[in-house]
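In the two assemblies presented below, chain A is common to both, partnered first by chain B and then by chain C.
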Partner chain A sequence: MRRALPIFAVLAALLVAIAVANPFFLEPAGFFAFVKRAAPLVILAAGQYFVIVSGEFDLSVGSLVTVEVVVAARLIDGDEAATWPVLALVIVIGLLVGLVNGAVTTLLRVPSFITTLGMMLVLSGAVFLWTGGAPRGALSQAFRVFGRDTLWSTLILLAVGVAAALIMRADFGRTLIATGDNERAAALSGVRVTRARILAFVLSGLAAAVAGILLGGFAGVSAQVGQGLEFSAITAVVLGGVALGGGRGSVVAAMAGALTLEALFTLLNLYGISGALEFTVQGVIIIAAVAAGAVRLPFPLTPRKGDAHVAS
Partner chain B sequence: MSDNLHTTPAPEGVALPGSPGDRKVGRARPGPWSGLGSTQVVYLALLATIVVGWILVAIDGGNLLTLETVVGVQQRSAALGIVAVGQTLAILAGSLDLSVAYLISLSSLVAAEIMEAGSVPGAITAVIAVSALVGLVNGVVITKLKVHAFIATLGVALIIKGVVDHLYDGPAGRVPESFQHLGYDRVGPVPVSALLWAAVAVAAWFLLSRTRYGYRVYAVGGDPDVARLSGVRTDRVVIVTHILCSLCAGIAGLLLASRLGAGAPTVGTDGGYDLESIAAVVLGGTALAGGRGGVAGTVGGVLLLAVLDSVFNQLEVNSFFKDVVRGVVIVAAVAVYARRAGRKRL
Partner chain C sequence: MSRPKPFLVALAGLALLAAACTSDKPATTATQAATSAGASAAPSSAASAAGTGEQSKFFVQADYDAQLAMRTKTAQGPADKPWEQAIDPQMVSTSQYKKSGGYHLCFSNAAVNNPWRQVGWKSMQAEVALHKEFTTFTALDAEGKDDKQISDIAELTGKGCDALIVSPNTTATLTPAVKAACGKLPVIVFDRGVETDCPVTFINPIGGYAFGADGAEFLVEKVPAGGKVLALRILPGVDVLETRWSAAKATFDKSRLQVVGVEFTDGDAAKTKSIVSDYIARHGKLDGVWMDAGATAVAAVEAFEDAGVPVPAMVGEDQQDFLQKWKQNNLTAIAPTYPTYQWRTPVIAALKILKGEEVPKTWKLPQPKITAENLDTYLQPNMPPLHYALCGCESLPGFPETWGGKK
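Right after this comes the complex of A and B.
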């Protein structure tokens, strides 16, 4: 947890800077508007965390979000009555895609980078093959309320955050970290490594489905709705101090990383660095943040429990 | 990252200094075994694709193996092929480069802008300088700042994207007729662009299998700690590898500029050269974890993708369906490699 502290300091500093530049941010309306905007990325980061901490990548979440929104729009097509069945279907698609990612990665032993890259191609190809190249239909009001209504999106975000933290405190979370840290040791100590990894991918798929539901309401239906989200989610997780390669980092810090990224965008907008240069600043800050974390690491060697006798 | 084991030695027959059979779980060691290396598998798959594609196109009433399509396949694959050769170096050294797509766009713009000002050699020099610089930054950020290659090159990609999008809204600059020969001329059935690709591939093959640098790349990709303890300056190897990888992207940018007749801010990303080049490398049998594979496989992988594309074009298949098939082919191919490596282990 100590490794996660810097991200909270950075997040706090960014939030203060936003509040200074724009006092409206301190009012409930302003603050919750920020929370609503950040919710999808935070949820994606939580899902991506499970996969990354188990030692894998999930590059398919961006296209999965697009698929969820486009499928929902086409099936609902403005019909309020269709909302709930389609919501259920969206969740099922998310779980299923995660299951396939996990099964191909673990059982067929394809590196997850390639598995999820292939899934990304398949998903975006399949959905536009089905709709004929462009999104069609429209979402119902009942569907859009989740992403549009501040209360709903805040509640969903809180629920996901609490659930993710609880999962990582439970046995499953421990086995997941053990798997990512040292697969062989975990397997020898009785962890079902394959099952843990598949479940991590399923959780990521579920997170993408929920994020898709929120984004469909918040941003509306478009072919670009999920574009680049996989990289944003991975960046957020890494900003939170989670090591690519697995075994290190906390899910709360990963979600804080997503909030930080979103706060950064907000701040850049406030200071008028909008449009293209925003990417440049983002790139510099991401590298700087991760480099700062990596370079600092060797110095404050936090004594672990097992090292106590060495220290004393 | 899960293990994708190729216990075959490098396809070019390189002895692998410091390359353990598997550094993860102590599985099989590389040893003599009868059978096919992953490079041969790629070329067999390529042959099978050509045969099946030829039959399918023939049933459809066309002919896959006309001069036109053969030239088309080479034209289509040249740019991706050059990038993929560079990407092979990066992946073999245990790294990867997500910044190539934006670097291609940047190079095409730099080239076209300077050529419009009148100097073709100046433009080529500038592109080489810019891409070497980007590669140097990638390498230094990865080795000296200890940032994971995925994040480092993604960050550099964002930086380039920001600069390019800030300065350009659309195509810019102009490439003179004399330089467009690179993109369109051909010698017999072989386009000049394919010759350029071949030259880059042969140069990379030579570096990897005939020079000390190449041995070090395999050593660093196989196990950086062992390499360092054996006296290899691992940081330097990674930095040089990234410079070479970026130079390849720069050359691809020059090629695309000559073909378009101008520079374009989206030419790299529209082609999806970042992820596509990684996919081609892995399709060619190079292990994503580094240390195993080679350029020959990558060339096969790129050709396989191009032939597939050509078959679909002749059959007039929907472009979205193409994406679906491409995704399945890439995953299936890697699953086959993993399976072969696994069977050998038993």
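Right after this comes the complex of A and C.
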């Protein structure tokens, strides 16, 4: 947990800076508007964390979010009665895509970078083919309330956050970290590496489905809704101090990383800095974080128990 | 407006270029982007400056004046068929293209990647089906890529087409390809233009200046002096969008309104909603929202609803979701249009040309705006939310199902 402290300091500093620039942020309405906006990214970051800490990547979450929203809109088509069946279907699609990603990566031994890149292209191509680039239909009010209503999105965010933390505290969490840290050692000590990784991808798919429900609810149907989200999620996880390559970092810090990223964007926007800079900021964060992880620090760090590569 | 997947760019270590790569259209200079950003960077400054930044380098005064004047002119042609009307037509003879019946019509389409183009493309196909003279219709979709459209045009000119319709992806890059085609068969260009007058006719509505000015003038009329206006643009550097903004800017600069921000939304609903929410939080309230395209207008309206503040004067477009919101909430709003009925006109022009009848050299279609007075005429609850009201497709066979509507 000690590794996670810096991100909370950065987050706190950014929140203070936002409050200084915009006192409205201190009022409940202002603060929860921020929470609502950050919720999808925080959930995606939690999903991405499971995959990254097990030593893999999931690049398909952005297109998966788009698929979920576009499919939901087309199937619901404004019909309130269709809300719940479609919500269930959205979750199933998320789980299924995660399962395929996990199975292809582990059983067929395709590197996850390629598997999920392929999945991303397959999904965005399929969406384009199905919609011709312009989504049809409309989401029902009952579907949209989850992402549009502040109370709902805050509750969902809390539920996902607590669930993610509990998962990492359970045996499965330790299994996942051991898998990402040293696959061979984990396997030799009885960890079912393949199963752990597949589950990590399934959790990421589930997170994308939930994020899709929130995003679709927040702003309605759009074919660009998930664009670039995979990158934001990875940036958030890295910002939370989670090592790319796996084996290190906490899920709470990854979610704090997502909040920090969202706070940073909010702050940039408050100071009127163009949104185009968001990609630049994310790029710099990812490169800097990985570079910082690779540099050997000049002073000795206290090795953590069970940490095989503290200074690497 | 397809954009390269941002993460690929970043993974290639080119994150710093991401901003510059967001469009394959001519990019504006960095100073311009900085100026518009800078304009919004001073939210608390005095109301003295209009806050609209520097004028776009795409702004051409003569075109601006011409378009604004065209808005009040009466178009010639059948009143109930605006797609057959023309403003100030200068007719040209087409007798050299006259052929006997059984025509092969060809179409090089820039893309079908947004609802506007989807609606138009369906109308064009229906229009072709109306005319028995066309025995074959070949259409190639360039998928938003200049290079594909260049080879599409070359392919079509060698296919025995009798006439070629081109909807160019970008203006400058497609010009040589269109020029080459002009030597072989009659060419009809519509929507975006090309930098040559070799096509027999160039068809489009009045244009971006008129669109931008219609919205801005409405805000000037409805918002009290000193009122705060937020301007939302999709992205910089695309001529048809630059003209809309530059006309709005000219209008705002002459007014006593305060433009508190000019922001780019990438045409993304979530981003639009976030930006508007931020401005509401920063300023307490806004008095008007100007948009260069209405696709995300509903997201902007929702930002006000969710913040629990009254929705101010809005500029949208003729998409059904916005018109519905307008009617339901009784908004103060206007919808300038870039009518999709212009997709019917090139087919009609092709038929005239192949029959040797005169056509206007520059075929300017009327560009109506939807106001509170005529809102009910355009509101079609049976049509899908992203359908464009000015499709001119209501009388075509297959309506409304072909356009995604319910009977």
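A few remarks follow.
Quick note on the criterion: the second predicted complex is superposed on the first by the 278 of 312 C-alpha atoms of A that agree within 3 Å, B and C clash if a C-alpha of one lies under 4 Å from a C-alpha of the other, contacts with A are read in each partner's own complex, and residues count from 1 in each chain.
Everything that follows uses one rule, which is that a residue touches a chain if its C-beta (ideal position, glycine included) is under 8 Å from a C-beta of that chain, and two chains touch if they have at least 3 such contacts.
Just so it is clear, the structure is predicted and the values come from calculations on it, not from any experiment.
When the two complexes are overlaid on their common chain A, residue A:19 makes contact with neither chain B nor chain C. Once the two complexes are laid over each other on the shared chain, residue contacts for A:225 go to chain C alone; chain B is not touched.
When the shared chain is aligned, chain B comes close enough to touch A:106, but chain C does not. Contact with both chain B and chain C is seen for A:280 once the two complexes are overlaid on the shared chain. With both structures placed on the common chain, the touch criterion links A:270 to chain C but leaves chain B unconnected. Of the two partner chains placed around the shared chain by superposition, neither chain B nor chain C is touched by A:165.
Of the two partner chains placed by superposition, only chain B is touched by A:290; chain C is not.
Common to the chain B and chain C contact sets on chain A are residues 59, 120, 128, 133, 231, 234, 275-277, 279-280, 282-284, 286-287.
Per the touch definition, chain B reaches chain A in the complex via residues 1-5, 24-25, 141, 145-148, 150-152, 154-159, 161-166, 275, 278-279, 282, 288-289, 318, 320-324, 326-328, 330-331, 334-335, 338-339, 342. In the complex of the two chains, the chain A residues touching chain C come out as 22, 24-25, 29-30, 33, 37, 59, 62, 78, 120, 128, 132-138, 148, 150, 215, 218-222, 224-225, 227-228, 230-231, 234, 266, 269-277, 279-280, 282-284, 286-287. Put simply, chain A touches chain B in their complex at residues 55-57, 59, 104-106, 108-115, 117-122, 124-126, 128-129, 133, 183-184, 231, 234-235, 238, 244-245, 275-284, 286-287, 290-291, 294-295. Interface residues of chain C, counted against chain A in their complex, comprise 3, 5-7, 9-10, 13-16, 18-19, 22, 33, 36-43, 111-115, 117-118, 261, 263-264, 266-275, 277-278, 281-282, 298-299, 302, 306-308, 321, 384-386, 404.
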